[in-house]
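Some structures to go through are shown next.
The following pair of complexes shares a single chain, subunit A, combined with subunit B in the former and subunit C in the latter.
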Partner chain A sequence: MKRPALTACGSIEHDAHRRRFLQGTLAGTTAALSFGRMTVAADDVPNAITLQKSQKRVLFIWLAGGASQFEMWDPKPGRETGGPFRTIPTAIPGYHVGELMPKIATQMDKIAVVRSLDTGISAHAIAADLISTGRPKEAALEYPEIGVVLAKELAVRDSLLPDYVSFFLSTEGRRRPATGFLGGRHTPLMLEESMRPANIDLPQGVSRPQHTEREQLRELLSREFAERRAGAGRVGGYNSAFAKVRGLMQSDHLFDIEQEPPAVRERYGRTVFGRQCLVARRLLEAGVPMVKVARGFWDSHHDNFESHRELVPDFDHVFSTLLDDLHERGLLESTLVIVLSEFGRTPKINKDVGRDHYAAAWSCAFAGCGIKGGAVYGKTDDDGKTVVDGKANAGDVAATIYKAAGIDPEKHYYVGPRPVPLAKEDAVPIDAILS
Partner chain B sequence: MLFTPQQATLRASCETPGILFGLCRDPEDGRLYGAGTDGFAYVIDPTAEKPIAEKKWRLHENFVSSMAFNDGVIISGGFDRRLVWTNVADGNPIRTIEAHDGWVRDLALFPDRERLVSVGDDMQVKIWNRQTGELTSTLEGHAKKTPQGYATALYAVSVSPDGKTIASGDRIGEVCLWEADSGKFVRRLKAPGFYTYDPLKRVRSIGGIRSVAFSPDGLQLAIGGIGQVTNVDGFVGPCRVELWDWRAGKRVFAGEDSHKAVVNHVAFHPARSWLIGAGGGDSGGILAFWDRKATKAVHKAKPKGHLQRFLLDANSEQLLAVGYGGFQIWSFRAKEPPAEKNPAANSS
Partner chain C sequence: MKFTLMIIIAVFAGQSVARADEKATISSAQQAARKIDAFLESHWKTAEIHSAPVARDAAFLRRITLDLAGRVPTSREVVRFLSDESADKRQHLIERLVDGPEFPLHFGNVLDQMIQGRHAGNKDFVDYLRKSVRKQKSWDVLFREMMIGPWDGDGQKIANRFIDKRAKNLDSLTVDATRVFFGVDISCAKCHDHPLVDDWKQDHFYGMASFFNRTTGGKGKVGEKKDGEVKFLGADGKEKTAKVMFLSGLVVEVSPGDDPPRKQTGDNNKPAHISRRQQLVTVALKERVFFSRSFVNRMWEYFFGSGLVDPVDQIHSGNAPAVDGLLQWLAEDFAASGYDIQRLMAAIVSTRAYGLSSQWPDDSTIPAETTFAVARLRPLTRRQLALSLLLVTGAGDYDSSDDETQRVERYLGVNGIGKIQKYLAFESQTTALIRAFDSRNREFQSSASEALFMSNNEAVQKLVRAEGDNLTARLSRMSSSKQIVEAAVKSVFSRPPRDSEGSQLVEWFDQQHGDRSDVCARLVWALVTSAEFRFNH
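And then the complex of A and B:
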């Protein structure tokens, strides 16, 4: 499928405008609107907005370490395994969640939950690999993370924005998305030290006009070199790399939440997770197709209930704010939001008032693009020890994600002569949660 | 009086389901009551050679965090946010109060036993008339959120032996001191030696002030928790206690041990200089004794499971504890030296 050429904020029109700007052909545009720092010709706007809202995007919220399904999506009140939290009703009649998620409870009509994951692996690294790729590791082939595939599939041609931005500010449990057989050029922009990319400031002593002039000169030389010597193909790769760097420098403002009105910043809250999700929204809105926010660390071997008392309300507030915000901006229908961990937590409360790793019966959640809000799929037994209905594995989750994002899970990539489907061969999308 | 930590011996234990957090003793007959994750009270006779835990009545519809005994009545606090007065003769509830807007974490009777103080996750300290259940004071001074904006907790409370001062300890490592009669805020002790938050590795909290106890003369305050955590998956840091001259706002002693655990309960031995801490964590359960001079614990015993709370028996020769798996009875009596053989008898 031929994709339209989009630019920094995700539209053909913006790209055209940028080129016109660089070529000094602004004459003819009658007025302008501002999207972030990009300026859009008024006669382009309707299409730009339409395109922005229809472009599919994915936000992957990774609850690193393994969030407890008992304290969130699949509570078992009154059971020995249930723990101390009460349950509360949700917008979906008959479905209750843990009391730590009152805001999410009111928005369950936008959210789909799968309570029947049985993914088999309960060791962090292997499980994270499994869930992140939708496949067990193979010695002969390294698979890319689902997010990397999504970024590739949903990428906007000629966009100057990164295709994939991954936040993982906490050090423990940090994972860098594997690009696998897709190769290094699909490596996400990883933000690990701060919420702003490093080394994107102009060199000291170089002004923005000077930098623009240098770039124009480089483009001129590049074009002449391509025409007279090397050919466009050879030079194209270099130009593409320069363009990505230039786009990243131009999109610096997207990582700056100070540019949001105070009320919006307040709405997301002051926690690290809240601020990350606000940046994520800014990136998604501007047209970055794939953003991952990892929130560490849910690995609550000790003091599980204290951990979840702290982490779940933060998640509840930020996740519900995010859904509201995306909805109000008309972006929720085109943005798939995924909430996943590498596994869940044990039914048994251990000697440290903790819960250990558990992959035999746990939960995940989805919202937005392609998702049937209010769907509650699968069931565990009264103590949450086993799946009794709707068992789903990591491959099924991957296939569901691809399908929700409008990508055929059976689509093949080729690694040499070997056809490799996006989702594992036996994976089945969970159609019950898809719209 | 014989009390020799080095002689610590687990004399008996008896199992109950889950974890017991609350503990109290009937001074008349010496029986121990414990309660925890299943909400039921369990009772044992600690003088029995092989005590057996008897399941009694449901006290709360959630975890039971704390208990006190007075004149045939158990007063308990729970994660159902309630204080409950229960008649031990028949197990019937005498009074149930919606005490806090959040889990009730701890309670303590005043020395005159006329008043009761409780703390909960609404971050309030509340003083109650023990006989009527009337709320007489609500004390506010603990932060409602952690400095990073997360939910916090008010874990521990203690009343000074003269009944004039209350100490309460929270998740962010702060202790508030209050005048019991006027409710006036006296002082805030900040104890950063206790681990509370990880801004880098995991961006989450753990630890805090888990226990407070006044010295027998009321001049010092002991605090229990965990030192600097290296892996905030859990209690992977040294067990830690501190002693404060609370009137001066000055720390006078810090005790730590390499045993990785949180001190859930700290107490003074009533007659000796020992400071006793009990808890558990990555290194397993711990019962540790500090002499208030050396930083390192002078003696450690390894309980059968992680301990949550303890009290000393009337002679302070036994330590009666609850925690993971039920009750434990520790003896500290110095063993009688073996009887010397009679040389004359040998020679005959």
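And then the complex of A and C:
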């Protein structure tokens, strides 16, 4: 695939003019330096496959609203709480999953499941905050989402790509990853309206060379302005945000699944979730360290079984395809895949044949980087009402994620004078599922 | 527009404009300014540093207009100020701005951010604050109104919003009230005595919580129960009943001091029999140092980019102030002035320190920003940026008002209606822009999404494209590139171009190909996205 070169138009005349202007304005050395950086060609963008196979990355699949553990990872067939579905054996002897996940069943040797989450909170917003930051809310300190921390920790220096891309197309339960005390610089590239990011196309009436020249003038004026200013570092930060623009505009092809062979597109399927996961794979492969795909409509207070009959097979197909695809491309070892919700669903089936929110005993799953495939951790009682073995909380999940991605959960950030460990002080990683 | 005008007239008509003592305020502000400068001079002397030179007129005009009116100056204001040759023109400018119609509009928003934090943005609450600033309410009056009312007058009900937004969560009500009004963060003392700050014990956290635990609300109506105590588990694992205790250690006994209890009216918007919040107001104003210090420190942060004690909610014995004695003196002076907000503003911006250049004159080491010996670059708030962007690129004339408005002003005998109208009209266009900009957190960080928005979004392109009588359209009609460059720099940067800069930009302009108005658009884009425009300096 051939991408257009980044140099404005490559004409010698333009280069000469630009150089003259830059030299006239600034001390020669800096100007030459900036000039050199401006002309990085597209092909110099780090090629993920060759350069960064060992780079760690994370795909965070968020089942918004709360997926049912009974219909997926922790079925209780034949019990009053079990529901109508049968169970099927998996690649792991003795472990059965719900019959709606036949493809995942065959891949259980790549997946680790935690069936013993007890996270306490069963209201959407507070629970989502708790699970996605790994901590209860604190009045005076806003914590960043786990994904934001991962993006910061796994970021590739000087990468032209975004550090974090977050899909949340469904409006139900839509949330934006909190950057908390890490600040606005870590705001993910959000995709909420469409599968392409906003503002990455050339504006109307501005050609690519003009766009580049305009930016060069902006950068130059800014750098001149910053000379001998107290706090010029803030100008540096401002300029580096603009320096990302070019790379982001260039990454538009990553969001275009038409560039995948038809067979691959077919394989992921035509559902929105499938297409998003394919884009996610393209991004991860190109070196984006953190991608989140949120899939809504799991909040099944009514007709739980009907809605899971629709949702779980889509998840089963896409998730198993994704694991295969990552594996085939040699990326699974370096890519941590997380499947998480804000909570699970009640053992009790309500009068609307639904299941309500339940945080006292539920499940989540992991695969890939740092994960011991086939590990099935923790246990609930026969009716799935309580955790009988291996109880884990939101902090433990966060610590597990960090450790799997090769990041010390006890590493500290400093907020003013206050040391803040990545995972909550009393969190314990679930070593049994870590490789 | 007509409708807005009617509202403005109503606001004006119902208000007694009492400005008799404004001259006295200014001169006492001048004295305070000199005192502040004396503290700083002696601090610099001890630290063996000298200060940056005084900022040029254009830089000073831009800085203070942004700080007091929330926007960059207009071209006309720039010309008028630069050509004014009187010696005390900066002082006149300060008076004009502090007393001007835009200051309350802008400062209402500043206070909203400061008080409400993540809950900021309620229009009614902002209007309440704007009106309060316009009426020159003092900070203690505002504090009392937000804590205990009265909430029954016209437009007064919304004053309960600080409490109401937090009434359902005692922790956040306690922590936010303590941070915002007293400059202290005691959240770490909830589960144990503060591990890092010796000053704060669990008794302080639960003592402060005891002022709020009877408070009810959350749906627009704030009330207070007659009883209920805060109980907590001490470090020894034993349950304790909290004393009703202020940060100073002062324990409030059952009968409150100066504030006699209001009689019960059955309206639960009125404080209950012996309101704990009422007791807090009484004790906070009696132990005035926490209350006064917090506000002056926050205002110092607003004008200088960091507090005298920084962060501004971390005032405690282990966090030394940047300048010896200054914060304490300012706090005492502010309390002695009757918590006069306008006087405090006038004092701070009248200091020599506020008017220093942000550019260091030579290659020697630049003193640390916390010495306040050099002005620091402060990113514009989202609102300042949006308003300024519309103003400099806009088609509208911000300076003059139409005949009808002028007649109204003459009829009512008040000036500024036209300005208020213009301000509100521009403000109503800022919403979409504000959402796309980075907020100014403690540590400002630029995000790629703001850069993408500025680079490619149609809303920004529309502002810089030649349209109607906007800046780019006016530029494209000019005959020479020299004129164009001069006018563009003057409009966007609020200063004339420097010689070398002017000729370089002319050279750049002449090298550009294509439609003249498109070239003008690109020039304007580069100017409004450059750091010089993005920062206050």
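Rule of thumb we're sticking to: the second predicted complex is superposed on the first by the 350 of 435 C-alpha atoms of A that agree within 3 Å, B and C clash if a C-alpha of one lies under 4 Å from a C-alpha of the other, contacts with A are read in each partner's own complex, and residues count from 1 in each chain.
The rule is simple: a contact is a pair of C-beta atoms (placed from the backbone, for glycine too) under 8 Å apart; a residue touches a chain by one contact, two chains touch by 3 or more.
Everything numeric here is computed off the predicted structure, so don't read it as measured data.
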| item | value |
| --- | --- |
| Which superposed partner A:269 touches (first subunit B, second subunit C, both, neither) | first |
| Touched partner set for A:330, first subunit B, second subunit C, both or neither | neither |
| A:406 touches, of subunit B and subunit C: first, second, both or neither? | neither |
| First, second, both or neither for A:198, with subunit B first and subunit C second | second |
| Touching partner for A:416 - first (subunit B), second (subunit C), both, neither | second |
| Contacts of A:296 with subunit B and subunit C, given as first, second, both or neither | first |
| Subunit B versus subunit C as contact partner of A:229, first or second or both or neither | second |
| Which of subunit B and subunit C A:89 touches, first, second, both or neither | neither |
| Of subunit C and subunit B, partner touching more subunit A residues | C |
| Footprint overlap on subunit A, where subunit B in one structure and subunit C in the other make contact | none |
| Subunit A-touching residues of subunit B, taken from the complex the two chains share | 17-19, 37-38, 62-63, 79, 103, 121, 146, 148-151, 153, 171, 200-206, 231-235, 262, 280-282, 285, 305-306, 324-325 |
| Subunit B contact footprint on subunit A (complex, rising order) | 65, 80, 84, 86, 169-173, 269-273, 295-297, 299-303, 306-307, 309-311, 313-314, 349, 351-354 |
| Complex contacts: residues of subunit C adjacent to subunit A | 52, 169, 171-172, 174-176, 179, 185, 187-188, 196, 305, 311, 313-314, 319, 358-363, 366-367, 369, 374-377, 379, 438-439, 441, 443-458, 460-461, 465, 500-501, 504, 507-508, 511-512, 514, 518, 521-523, 525-527, 529-532, 534-535, 537 |
| Subunit A to subunit C touching residues, read off their complex | 17, 20-21, 24-25, 138-141, 162, 183-187, 189-190, 197-206, 210-211, 213-215, 217-218, 221-222, 224-232, 234-235, 237-242, 244-245, 248-249, 416-418 |
